[in-house]
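Take this structure, written in structure tokens, and hold onto it; I'll ask about it next.
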């Protein structure tokens, strides 16, 4: 049985963390600031699959989150921001590149078991065909989760993560069925928080420096702590999760940028 | 028995470490400096739940500590500082975002044991209700510790920390009762220093890059060293504590900023 | 049997990641920008074994990849870029120096076994001569892979990597035959992706901070993720691979730089 | 028996590593440079418990070492330097905050053993009193080592260090008597170098990012290497010592700064 | 038998890695550039025991390597460069401070064994005297290796390294005789490359952040990779070597700087 679980991929996603150059902005004439703001609002207003957040703390002042059809469109969004009159006040501090990913541990295990029972060898044409049929079916069922709009909640929490590959504890050497069981238990916790937190998982193997990115959206940020703290004790997180930097932001709505940029 | 201990959350807290641009400040005319200072004193004077410290060493020149009702108000405090005429002389070097947290290991263990004896399953409606009743009761009893004012001591020591998740030593896989015992012994040491050091623990899982932040307040900074050194030998710290960067500051009282900014 | 596998070396390769100083560029007069662009296009146009990519995210705005005959020519390419009128808008963020390397685990194992059977001692003149003959033969057969042109695909993925030298898991202490077996299985995965991804491995022991660099070229970037994710489960990667930073870029064709530099 | 050894604390110490902005300094008129130098010499001349070193290498151009009565005076020294006309040419690269510490492993073990034999329980009033008497006595005997002047040697070597808290090798879980034995053997090596190297140990738990700082002073810097290399093989260093960054400087005497600042 | 091997020390060595400020340099008038170049050539020309290399990649544009009699002279060389008219275009990115070191594992083991057989105790006056006689003798024999001139080869490769002090694999706890055996085998590999690569080992315990620095000099840089790759499999490197950053440069001969600085 192959070790790698099937996945489905959807939107291409870029997080851009930016420091805002307040002193230079304040040094502008009001009319100049107004013009740059108007241009930014117009450009951002047309980016219906982008959202802007004010970050709390020194990791950045603003975070732009872009969901797009592909990486090329992400590159265009990035360049469009850089070309704005507001662009020269935005210094990138960090960023994250990934694609929406649905990990299919449950159905992968079922499918691989069924194919094995039917005597179909991995990576044979027939095996490949069966896998493709399964993926196509799920791609359709899960279209709205693969190509989500950005949840309209007041707070965002973003962080990247890895599965541990330690010398004695190594996720990538755990048998598929055990991984499936741990991921299932992990998902059960998330489900209990489903009303309060909307979660989007993106995969970034081959794209950025961690394996996955996690975006949480909620009206009350305390639930981020409760959810992640509880999960930290479940087996897959306790033993195998490594976490990167955490970013917490407040969504700037349609007039939010104007308010935020006031001097 | 669930592995995660109950917690209570209170004030939202932001630490801002700033480098001060002395050369640019000295280049201003005295009147300009006076005006900016007056504005800063007025704004900071109105922030009754904020305190300013002069840091010792290169990690920053000033540290602003804000206690607020929620993250939105922390964001407003941050923006208010950035908009000050003094703001352009303050370069953020780092920051820390967290909420006051009371970990309830003792009462969690008692409650979970009692619920188990009564045959109430975790996460059932009845279980949830019993937990909520318990939390509500303690939230009331502990209100002053959840929403503290900033202790008025001459020195502050701030540092973030994690519980270790090593390949063989992993806090998140230790049974609840053992964790409770270790935390209890840990608390006993703190209690012996209670007169000399005021301690505020904040939780930052999901908010910042470490799991907890620790603020110590004292008249004599030597007690920071004595307390932390002694604790380093107790089991929960010796085996499971990982420490981040340490910041030591002197509180700038009502006229302190004016003195500090003199050229 | 010596532990080190034979290798063949070809092109010298330099990756240059650059941040572009947009504000300063926008501040130029259009004619000045045009002149600098024309000069850059002319210089880059003559560098037939160099390619330019726009990077996605904060790790850089542009990535220049140079394949050359030797390090001296790489140095000249680097200096030529620095001297361009465009050069002062390009701030190096990082770089990577390596040479195209073909690792010959399969044929090394065969050759060393054969030499051992013939009683030829390692590092004797006869042994050296037999090795040289073998290398010379393969150098000729594999010339096009040793001195490749840069694959003309829309996307590039570059990352450096190491083989783990842990306290208990240490690639450099694994017997040759086991390493050969693991590398062979690893190669089998790559072969299944051969149509979709073109891969160039460069060696950087002694040249840069990781042991190898990997360049992947594809029309669809999702295949980077699929390939690397699948490989992460094979033994040599799961246990022995350590990965550095990942860079993803879009190739700027002949008019691409002009489009990208528009303000 | 409590695990923490008794310590005595003396002078508060701040190391400030600074990069010097040569181009800006050279751009000044000679008279301006002269005035700033004169002011700096006057201020530094009055700081009898501070010393200035020229560092070798990129970690800094100058290192200021301040010994003071308490942290408040260290903060004043720091601010005084920042306010100098020379201050705007000094960019802090790093710093270290600590207090002179004498670790009393030998006498702690004796005292704790004696108290145990007398049946006096740790942390009881009687126990506390006996400890205080012992500390007061040693504080007097060792006053000159607690409040040292800065040794007047040509070279300084400064580095911070930790005791390892690994998953299997953990200093803070080693029994007191074993720690005492290892520290004693460690001290024997130092004693053999006593004529050539003057050593001052400062403690920084709770103050800075490592647990201790070590200052070595000598006429010949080669002895730094000999001493530290030999110590690296003794048990307490081989197994339990983790080292930070090393700084080596040459003392600038009374006319040294003027010479160093010449253009 | 003492655990520390005897060493001999020679030249003091400073590596300075510098970024060159091309835009500012290009902005100078040609006559100004000429004057600064002439001054630099004159100063560097007189530094007969210094060499300049152009580095490949972002780690620096130029590397200055100074061999001197002592650290004081290194400091003077550093200051002399900073004072040059060219100095303000050179931004230090990193540096390395060390002294030429010959590790005497073979003769140490012989001497210590002989002294032990004669019943002479370590660190007694007689023992010290015998050691001093041995060192003095070898210091004379090896004078040209202790005080080498910089090998005149086209390429340099510099990197720092440590011996591992892991929790289970710890060089500093390996018995002397085993260390001697491993170092001897290690040296045998180097000897096979002796014609192609000239190697200088410097010790930096107590001086910089790694324990040793390695300089390799060759006409063909590929040999750096071959040598270091082969060594990576020998026991002392595979298990106990930790490597820092690698720097590769091309020597700028007498007219090299002028060529390199052309705009």
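By letter and in written order, the chains are A, B, C, D and E; residue numbering begins at 1 in each of them.
Simple rule for what comes next: contacts are C-beta pairs under 8 Å (C-beta built on N, C-alpha and C of every residue); 3 or more make two chains touch, one makes a residue touch a chain.
Everything numeric in this text was worked out from a predicted model, so none of it was measured.
Undergrad: Quick check on the contact graph: shortest path length from chain A to chain C, in steps?
TA: Shortest path length, in steps: 1.
Undergrad: Chain C to chain D: how many Å between their CA centres?
TA: 46
Undergrad: Can you check how far apart chain B and chain D are, centre to centre, with Cα atoms defining each centre and the answer in Å?
TA: Roughly 28 Å, centre to centre.
Undergrad: Going through chain E residue by residue, note those that touch at least 2 other chains and give them in order.
TA: Expected reply: 167-168.
Undergrad: Linking chains that touch, what shape results: line, ring, star, complete or other?
TA: Ring.
Undergrad: Can you name the chains in ring order, beginning at chain D and moving first to chain E?
TA: Order around the closed ring, chain D first, chain E second: D, E, C, A, B.
Undergrad: Give every residue of chain B touching chain D within the complex, in rising order.
TA: 22-23, 26, 54, 56-59, 61, 155, 157, 159, 166-169, 192, 216, 221-222, 224-225, 227-230, 232-234, 237-239, 245-246, 248, 250, 260, 262-263
Undergrad: Spell out the residues on chain D that touch chain B in their complex, using ranges where they run on.
TA: Residues of chain D touching chain B: 2-4, 7, 9, 14, 16-17, 70-72, 74-75, 78-79, 82-83, 87-88, 92-97, 99, 123, 165, 167-168, 170, 172-173, 203-209.
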